[in-house]
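Two complexes come next, and they have one chain in common, chain A, joined by chain B in the first and chain C in the second.
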Partner chain A sequence: MITELRPIPPSVELKAPQTAPLLTVDRLKAYYKTQLFGVDREVRAVDDVSLKINRNEIYGLAGESSSGKSSLIKTIAGAIRPPFRVVEGSVRFNFKDGERDIYKLSPQELSAIRWSHLSYIMQGSMSVLNPVRRIKHAFADFALPHVSVKGADFTRLVERHLKRVHLDPAVLQAYPHELSGGMRQRVTIALATVCSPEFIIADEPTTALDVIVQKGVLSMVREIQQELGSSVLFVTHDMAVHANLTDRLGIMYAGRLVEEGRTRDVFKKPLHPYTAHLISSLPRIGDEAPKKGLEGSPPSLADPPSGCRFHPRCPLAIDICHREAPQMVEILPGHRAACHVAQADPTRVEAVA
Partner chain B sequence: MRAYLTYLSKRLVQFAVVVFVGINITYLVTHMTPINPVEQSISAATAYGATSPEAIEMMRQSLRQLYGLEGSPWEQYVSFWKRVLVGDFGPSLSAFPTPVSQLILRALPWTVGLLLVSTLLTWFLGNLLGGLAGYYRNSRILKAFGVLSMGLHPIPYYVVAFVLLIIFGFLWPVLPISGGATMASDRSNTPAFMLDVAVHSILPVLSLMAVGIGGWFMGMRSLVSNIVTEDYVVYAELAGVKRSKILQSYVMRNALGPQVTGLALQLGAIFNGAIITEQVFGYPGVGSLLISAVHAGDYSLVLGITTVSIVAVSATVLLIDLLYPLIDPRVEAR
Partner chain C sequence: MSPNLLDVENVNKIFTMGGLISRTVNHAVNDVSFSLAADKPEVFTIIGESGSGKTTLAGMILNSLAPTSGRILFQGRDLRDVRSRRDRLAFMSHVQAIFQNPFDAFNPLKRVDRYLFSAAQRFTESRTTEEAAERADEALRKVGLSLIEIRGRYPHEMSGGQLQRVAIARALVSNPSLIVADEPVSMIDASLRMTVINLFKKLRDEIGVSIIYITHDLATAYYISDRLIIMQKGKIVEGGDARTVLAAPQHPYSIKLRQAVLSVDNAWRDEPFADTIPAVVT
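Coming up: the complex of A and B.
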């Protein structure tokens, strides 16, 4: 019995995440290895991280400064330079035209998948555009090698894309310094998506913007993602942004992934004490209790604590936390965490904050 | 456009003030030197025999008249400016009565030719190699070149000039070591004469380049090694933009600004002549002319040469100010 004809809401029914993951990061270890005056130093910025990102989803990555977020996404993007190097593990993309292991590609093969399959929105939108050249040259430099059209056809393609993301094609004639911060960020996002990449890495694209502009940029990211059906790895330390934008959320602490699940689940029922603290720090309407900070500071990645890296700051720490590093275990359906306490009794963590 | 006209008129006023002050300072300095050109000429004339005091006094009178040294200092100053404004620096005191402007015009093409070639070549090569060395930091050839040019850089250029003279004039005498062209040659613009001039300029140009290239090289290399860490370069590399494209349009293009300013200042200074190089190689340019003018106490000539170079330096600075918005769009015409 059909009583009303409502359009099917997009996103959920039409473009449900497919099951085969687009990105598989497997036991990835990437360290900064330096040698100064014969003293070896090893900073374990990414330590044993495994995660999967599905097609057509926005995966959020959160964590405080120096938790290894940026190092992880640089490793995923294959954009690392010595002394930072991959020690173990793999980063595999399952693109439409075949699977690729980022660290088994030649430099030419890597250049070929950039922008067409894998693109990157860098932190610091203020300075990622060449100050002495017009925006149109940036589009030509970045996208022209990856599309089959040239000349006027290429310009039409770029203009069509700009219109699609609600930007005036006149920005092509502008120099970066003639645009506002928000505009520049939107141009950068347009630049990163002009070739319809399957996977987009966004490194703190909203951090330097005020909340009004931030909202515009976030809805732009969401809209483009829906339209292209790509996956986005979205990194920010701003939990409010994650709550509004991402489908799934991973929390990093001291170079490790400590919790991962659907964003809603993570916010509702955090399984790691660190996540619980992060979430309780968010302001809530009607909540007048003063916010308590977490004692201590993030550990040095050159000399991390034994066992669970969070144990020196953890109010729930028990004996085993000092000795053994907890593994990521699926505690609830689709919700993983690396915490001895939560693995024994998931309800204990909620009470912490 | 209106903003640009305001900018232009401001820069023009600035130019006029700089030139006026500069010439005044030179005028003051030359006129306050203890050297008296009249006494200089008299002692030259009387060096080879006794002359009666009356005759010397008469000579003094007529020389003062000829040199335009009559009247109060203020009257002299005013008549100096009247003449300068029409491009007349008066007669040379040491090569009397040849006009100063004629002497300068005769020497200028030699100096400008020599220094224009060496300055432009040095700038181009230094920046190109410096830029490459900053971008391709692991290249052995460029590293070796860096060491060589840094080693040469602190050596005074006349020392390099003498070394070149010894090598190419004495040990392996293949190049002319002195003069702007062969003495008795036919000085019309024939290809043979041009070739002769070019061959004569090889050693002076080489000695200027050997020393000058290091400065540009090191300056450009450090500019570039800063620019390669800028976000827009890192981002372009991340996007897989071709390295040659990045070097050209992202790195070099951004490093060029300060180097162009430096070039303009050097081009302006061309009119000073390369005093010591011209002395060493006996080159008939402005530098040699200036030295002989100073020795002879010929302050009309000194004043003429400095005025030309003050105007030239200020004019190139003005020109660069006017052209800079084209190099860097962020510099607005204000």
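Coming up: the complex of A and C.
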């Protein structure tokens, strides 16, 4: 079933943006407001995040578990439901056929851009496949309305596309439970890319794949991206995937974007102590050295630490860190970080790595 | 001689179900055998192709799926004889599972803390709700969570990694002797991943828990495993000491797998994806 793999072209130089960014997220705040046992609770999952994604680039997002990556992505995709809501800020797309401000669109306008302009692969989305419907129905429901071909041509298009993610077209006849975790994950990737959207958002799309299939799927993602000049926002905890696939990388911690730069720069010279730790904790085949996770527990987003949210766990924390939240500042060209110490002296951070 | 902790003997699973499968009989697990010794706790890792039968094999070890042929013994007892409610409960307190994809593993309409409370009530001495809550909190703290944080929440109100950690905590509540962990760290960050992996190590070394670790992550497999098998199309194609196998795989599929591993170190060479065998550091 596995066909030969095309190598992924290296993502070395950051492509200079020819036009305005495809996506502009500006000072975005989005919170979950819930009531628990009669007590109001506000989870500030996305807290003042600004970022831009250019046309024709793959932007990676990594960071702590529960730091708000999926929440950020939901707000970008316009896929939010109460109790989650946008409190402040904006999400604007500059599509080929015009600008869209996600939070000024009507529900009809929003669903019109789904799949064709913007597609969103949700985390754990294998479970959104309807368990009692065959896979072919999922394609008919989601993709058929957005492509120009119909009938047998549509089936051929889908079958050809399934082969690109190393799936036998026979899966179209299967029910979701008859497929392995990795097969279901590839079905959802195929669903999200079959309409050739301008902007692809993928939340942990390859966690269930073996490394051979994963490599094939990643090279397909890059191929589609380059063919169409589209942009991809790719969330994963797999740092090796970021290193090999993404052009730029953002790191989140406790609801905030804490570092962003060219992927290579972030790996070679992390400017935020959290990033430095993340990179140094990666195990490697052949490396026997013990690796440690961060001490202390992840912060609660309902009651985040004062000042810099990383300060209770940061080996470099100084006085001001307890009081003042650091802002994202461009410290090196194209490389931003929110850290008081790095802003004063970027060489200090390497020490913890 | 006392019996092994686990014996998997010539196990096969053939699916002959409707739809896709009706036309082609699917031999999901094909003549798989291995044993885990009772007196030598270990991390036994299963890696392999997507769809090669790893989860199916795990299901049979957990006695939730019956082998088509062959047999599985837990502490010398054929799982086919573990039938009565009492036997099943006893078996479950010894053998715990962490399922692949936490989004599938939890009922969306059930609060996640309930899973921990019922595990505590079924498998520990806890008689009161307070005791059960205490056991639950203990287990949660081992994976960087706490009861306060997750109390009253439904699965959709939690992040992927939080859910995955609740699944791990639930498996820890009963103090099992065997944990079958299907992709337990795929959705958590690299730092917490090491916390959990080190926790597995500690369970093995200090409490004598054996762990069957199913993963696609060869780097953590290298870090933590004692022995390892590689599966393809339902069969074990290679197995042995984990570090030896990963450092110098012999079977063509294992070699291909090893070559496909993406690494941070060679990401920015001129041709990071050239399909050459990366130099193995030993």
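Everything that follows uses one rule, which is that the second predicted complex is superposed on the first by the 286 of 353 C-alpha atoms of A that agree within 3 Å, B and C clash if a C-alpha of one lies under 4 Å from a C-alpha of the other, contacts with A are read in each partner's own complex, and residues count from 1 in each chain.
The criterion applied here is as follows: a residue touches a chain if its C-beta (ideal position, glycine included) is under 8 Å from a C-beta of that chain, and two chains touch if they have at least 3 such contacts.
Everything numeric in this text was worked out from a predicted model, so none of it was measured.
Visitor: Quick check on the superposed pair: does A:Arg133 touch chain B, chain C, both, or neither? Answer first, second, both or neither.
Guide: So A:Arg133 only meets chain B here.
Visitor: State whether A:Trp115 touches chain B only (first), chain C only (second), both chains, or neither.
Guide: first
Visitor: Now for A:Leu36: first (chain B), second (chain C), both, or neither, which partner does it touch?
Guide: second
Visitor: Does chain B (first) or chain C (second) touch A:Pro298, or do both, or does neither?
Guide: In the superposition, A:Pro298 contacts chain C only.
Visitor: Once chain A of both complexes is superposed, is A:Gly60 in touch with chain B (first), chain C (second), both, or neither?
Guide: Neither partner.
Visitor: Please work out whether A:Tyr175 is in contact with chain B alone, chain C alone, both, or neither, and reply first, second, both or neither.
Guide: Both chain B and chain C are touched by A:Tyr175.
Visitor: Which partner chains sit in contact with A:Gly124 here, chain B, chain C, both or neither? Use first/second/both/neither.
Guide: both
Visitor: Classify the contacts of A:Pro273 with the two partner chains as first (chain B alone), second (chain C alone), both, or neither.
Guide: A:Pro273 sits against neither chain B nor chain C.
Visitor: Go through the superposed model and pick first if A:Asp287 touches only chain B, second if only chain C, both, or neither.
Guide: second
Visitor: More residues of chain A are touched by which chain, chain B or chain C?
Guide: C
Visitor: Residue overlap on chain A between the chain B contact set and the chain C contact set?
Guide: Touching chain B and chain C on chain A: residues 124, 127, 175.
Visitor: Spell out the residues on chain B that touch chain A in their complex, using ranges where they run on.
Guide: Those in contact with chain A are residues 230-232, 234-242, 245, 249-250, 253-254, 327-330.
Visitor: Mind listing the chain A positions that touch chain C in their complex?
Guide: On the chain A side, the touching residues are 2, 5, 7-10, 12, 32, 34, 36-37, 62-66, 70, 123-124, 126-127, 134, 170-171, 173-175, 178-183, 204, 207-215, 219, 237-241, 243-244, 264, 267, 277-279, 281-287, 290-294, 297-298, 300.
Visitor: Within the complex, which stretch of chain A touches chain B?
Guide: Going by the criterion above, the answer is residues 77, 79, 110-112, 114-115, 119-120, 122, 124, 127-133, 137, 141-142, 145, 175, 177.
Visitor: Touching chain A in the complex: which residues of chain C?
Guide: Chain C residues touching chain A: 15, 17, 19-21, 23-24, 47-52, 55, 100-104, 141, 144-146, 149, 151-153, 157-162, 165, 183, 186-198, 216-220, 222-223, 246-247, 256-258, 260-265, 267-268, 270-275, 280-282.
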